[in-house]
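Presented below are the structures under discussion, each in the form of structure tokens.
After this come two complexes, each holding subunit A, first together with subunit B and then together with subunit C.
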Partner chain A sequence: MTFLPYAVAAWLFVVGLYGIVTSRHLVHLAVCLTVVQSSTYLILLSTGYVRHGSAPIYADIPPVATAVDPVVQALTLTDIVVESTITALLLALAVQAMKRFGSVDPTFLRQLRG
Partner chain B sequence: MTTVQHLAPLAVVIPLLAACVIAGLSFLPRRLHELVAVGAAIASTTLCAVLLAHANDGLIVYWLGHWEPHHGVALGISLTVDQLGAGIATLTGVLVIASLVYSTRYYDEIDGPYFALVMTFMAGMVAFSLTGDLFDMFVFFELMSVAAFALTAVMIEERGPIQGAINFAVTNSVAGFGLLVGIALLYGRTGALNLAQIGLSLDHHPADALVAVALLLVVAAFLTKAAAVPFHFWLADAHAVAPAPVSILFSGVMVELGVFGAARVLSTAFAQPIEPSLHDLRMVLVAVGVVTAVVAALSCFQQRHLKRLLAFSTISHMGIVICGVALLADRALAGAASYALGHGLAKGALFLGTGTLLHRCGAIDEFQLRGRGRDLPLLGLVFVVGALVLASAPLATTFFGKSLVEDAALSADYAWLPAVLALCSALTGAAVLRASARIFLGWGGDDPQETRTESEERSQEASSREEGADMKPHATTPALLVAVPAVLMLAAVLAGLVPDLVPSIERAAAHFRDHASYAGAVLSGRAPHFPPVAEAHVSGTAWIYAAASTAGALLLAGFGLRDRQVLPVTVADVLRAAHSGHVGDYIAWWTFGMALLGGFVLWAVAG
Partner chain C sequence: MSQRGRLLLFLPSAAVLLFLLIDGLQRLTGFGHYPGPYGFVLNGVGVNQRHATNLVTAVNFDYRAFDTLGEEFILFTATTAIVLILRHMRGERERPSGDELRRENASEALRGMALAFVAALIVLGGYVVTHGALTPGGGFQGGVVLGCAAFLVFLAGEVVAMKRVAPEKLLEFADAAGAAGFALLGIGGLVFAGVFFQNFLDLGKPGSLNSAGTMPLVSISIGIEVAGAFLLVWTEFLDQAVLVRSGGGGSE
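After this line comes the complex of A and B, so read on.
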């Protein structure tokens, strides 16, 4: 049991948030959001990691062999699907923002306030 | 009880299939898409209502793929239907039907994908209410979120919807990732994803730091969806720019589902770990609810953009619902649920009514609309009644809900809470009353051009272009655009008067919070034995508070018609300036809120 993956995950989450807060470009912002999300991959996979465990595909290995937890891998896959959906949507919105606002800097998106 | 559980997945699958059919056959004419969508929504809503009726005396548990628990250990994924969950799913269905019927006459032009998105949105919300699995809650949280982001930006050629959708998407996604980290931590600790199983594993151990952090991340994610201050900035932007038939779903049930999710995890997974620290945790959560209710009520009152006004009013009312959940008592939860029912129907009617005004006049600004609603007297009546429902006027559904929350607050030594909540009801009711009087009767002064401050100028400039640039005024209003809001408002008024409805919500809430029965029913298939629930009676003080908030709403509305300011100009400007519309600012506020809430939750739960 090592704390390193958890520390890295926490770092990724926070640094991604910093990127979003200070972002001056919507595409950069979408990438920062995926940085935040990559912390969830790391934390999921490290939760299910077993030292010297093999991949949980029991067709190739004896059923008693040590394997990493397959559940978290399934969760990570689901997570990736979620991420690609959100990123695609945000990038589409960025394109549209460029067309309508003439800028992809969140500072110049000034339609809604107050 | 033997076959009814098979209906639970159908309630989710039907709208999803309808979405696929509509998206796949997008070349068909619009009327056919509408027909498929309305048909699927009615079918799914009927199933939810049947589930609601059958969940009367126990939980309905369905294991997907028949992966049932062995020796009390759940490996499969369950739909666990209780009355509160089935109830909110039914409310979702009713509002989706209303929204779809309304949109048949509302949009001049709309494409098939819109109806596919509404169906996906519905599937996500219904599944979120019915699931018994924490990871599924995340999946459906994201499903409804993504559909909601796309629906916000459905008028993609306008500027407001683009900005609103970006702010909404980024804020809610960050919250969703927090939720997933929380789930991963819980899975690491318990090896379980089923809510009952997690609860069982965490039982008999006081919460440590890891459980406290997981609790924080999970609850904060749901509170972001529920627009608790300071996680609330996205809501005003998203609700103000989404088309009216979408706003009704956002305000009517999506944000309520955020509070529902928080209540669900607090009464299943975390029920035992928080038991020793109940007193402190209650204090922290009630503080969140009160701050939300007060800040948003003040923002609401100073808005002149109608949809933004209603959006802030939704945040304020969510604050009241959060207080109900935060008191961590059966009766308070019943109050929160009844209140959410009344608020959801009334706010849905008001948003649709605003859409009708936009359809008729092509404007959404209170001053631009002054006196222009005279031709729509029935809609004016809907608005005034809606204002009274928001003010928790006696005998409205919200009144019964709020009296239960007040009752619970008094027995938990929060004697000051009812007065604060009454003030918020008065402010939000007054804002709608003031707008109704100006729009439908032409009361009050003209646009105060000369006294306008700079920030107001900006908001007016924004509001004239936010939504409706493409919505041309129509010479006539189809009867349907008035009838749907009127029917919803009638339901909002009458629901609380249906005999045995509020008492049955009280029973449902007590069952919802019965941790041991829930775990037993899910993991061992035991029929739950719920103790009888004492029925609450509306106390005398509840009538006094309701009368006071109604009178306060009338007074403040009159005040608002004469002179718009209730707040010192500096405070008003600070409130406005906080809503900068910059997504980076919103995430900074979110981070700040997490740090603050995290500190208090760690102190309360693990301290």
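After this line comes the complex of A and C, so read on.
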């Protein structure tokens, strides 16, 4: 059972990649990328988890209480912020692709047009 | 490449990747057996050193503030890029009746609920931003909540009102001022304590609102930036909906 979170993370990564490869819609593609990225949250949070540890917030737990690693949690926050901005950027590009080429199907966007 | 060829190429490589991922991840310490020591050290000394009870915020806004500066500028750059990508192109103009079109779409129930929650969300967002060093939350989370408050005005169908409470100029200013504020706090550490991002203010009593030195200020400046950036991005996307290309042929 101690491997389950990692297995889920690996699965999310590969399933997200499958979605990206087979995607027929740029918005769908951006959503698939968020699935890939969510696997990194899972890996980060899983590596920092301490058995029976509480959240690293000492507002209402004794100072000596066992808590999980705050560093990976901070990194996960960074990860989420970056993901949301990248998703927004990709969606903006999808809007522009629709305007320029009249299609959001990646297979129709093979040729570069200046 | 055809869809079929792409799949034929992807499936074997995905199988190999999955195998390698699982093999590699299996060599990590098991779930729940965190090896340390960084997290344990921080949990042991964090509250005494920085007088912040939320150590995630302490890591983000103090111990690794330099990283967060990079993250903040990713947000800033991406927002700028989105504004640039979604600018009005040649031959595009706003649909004259765009605002009226969307006003009719909101039902009375949606309008009532959305407007009722605006004030509550502003209070919640402000609370999450200012208490970032004490309880779960911080500038990023609170900033998004604050952005949602203005977005609810749009959900209520009041596009014109949303433009009034959150005009683009103000959002751009908030985005830039928040980013600059955080960088200035880092330079403040350099000026007053000799180290970039050193916590140079009085640390106060752990658990009180004005504790943890610069952290609440960092939290507020990030909150302003995130609220501005997210609303700016939303506004840009909304503006796209009322754009039409002149000469027909432009149905989005």
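Methods note: the second predicted complex is superposed on the first by the 110 of 114 C-alpha atoms of A that agree within 3 Å, B and C clash if a C-alpha of one lies under 4 Å from a C-alpha of the other, contacts with A are read in each partner's own complex, and residues count from 1 in each chain.
Note that a residue touches a chain if its C-beta (ideal position, glycine included) is under 8 Å from a C-beta of that chain, and two chains touch if they have at least 3 such contacts.
What you see is a predicted model; the values in this text were computed from it and never measured.
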First, second, both or neither for A:F3, with subunit B first and subunit C second: second
Which of subunit B and subunit C A:V72 touches, first, second, both or neither: both
Which superposed partner A:V50 touches (first subunit B, second subunit C, both, neither): second
First (subunit B), second (subunit C), both or neither touched by A:V82: both
Superposition-derived comparison: subunit B or subunit C, residues of subunit A touched: C
First (subunit B), second (subunit C), both or neither touched by A:L17: both
First, second, both or neither for A:F101, with subunit B first and subunit C second: first
Touching both subunit B and subunit C, residues of subunit A: 9, 13, 17, 21-22, 43, 47, 71-72, 78, 82, 85-86, 89, 93, 96, 107
Subunit A-touching residues of subunit B, taken from the complex the two chains share: 135, 139, 142, 146, 149-150, 153, 156-160, 162-167, 169-170, 173-174, 176-177, 180-181, 183-185, 187-188, 193, 236-237, 240-241, 303, 308, 455, 458-459, 462, 465-466, 576, 579-585, 587-588, 591
Subunit B-facing residues of subunit A, complex: 9, 13, 17, 20-23, 26, 29, 33, 36-37, 39-40, 43-44, 47, 71-72, 75, 78-79, 82, 85-86, 89-90, 93-94, 96-97, 100-101, 106-107, 109-114
Of subunit A, residues touching subunit C in the complex: 1-7, 9-11, 13-14, 17-18, 21-22, 43, 46-51, 53, 55-59, 63, 67-74, 77-78, 80-82, 85-86, 88-89, 91-93, 95-96, 98-99, 107
In the complex with subunit A, residue positions of subunit C that touch it: 3, 6-7, 10, 14, 17-18, 21-22, 25-26, 28-34, 36, 38-40, 42-43, 46-47, 53-56, 58-60, 64, 67-68, 71, 74-75, 78-79, 81-82, 85-86, 89, 134-136, 138, 140, 207, 226, 229, 233, 236-237, 240, 245, 250, 252
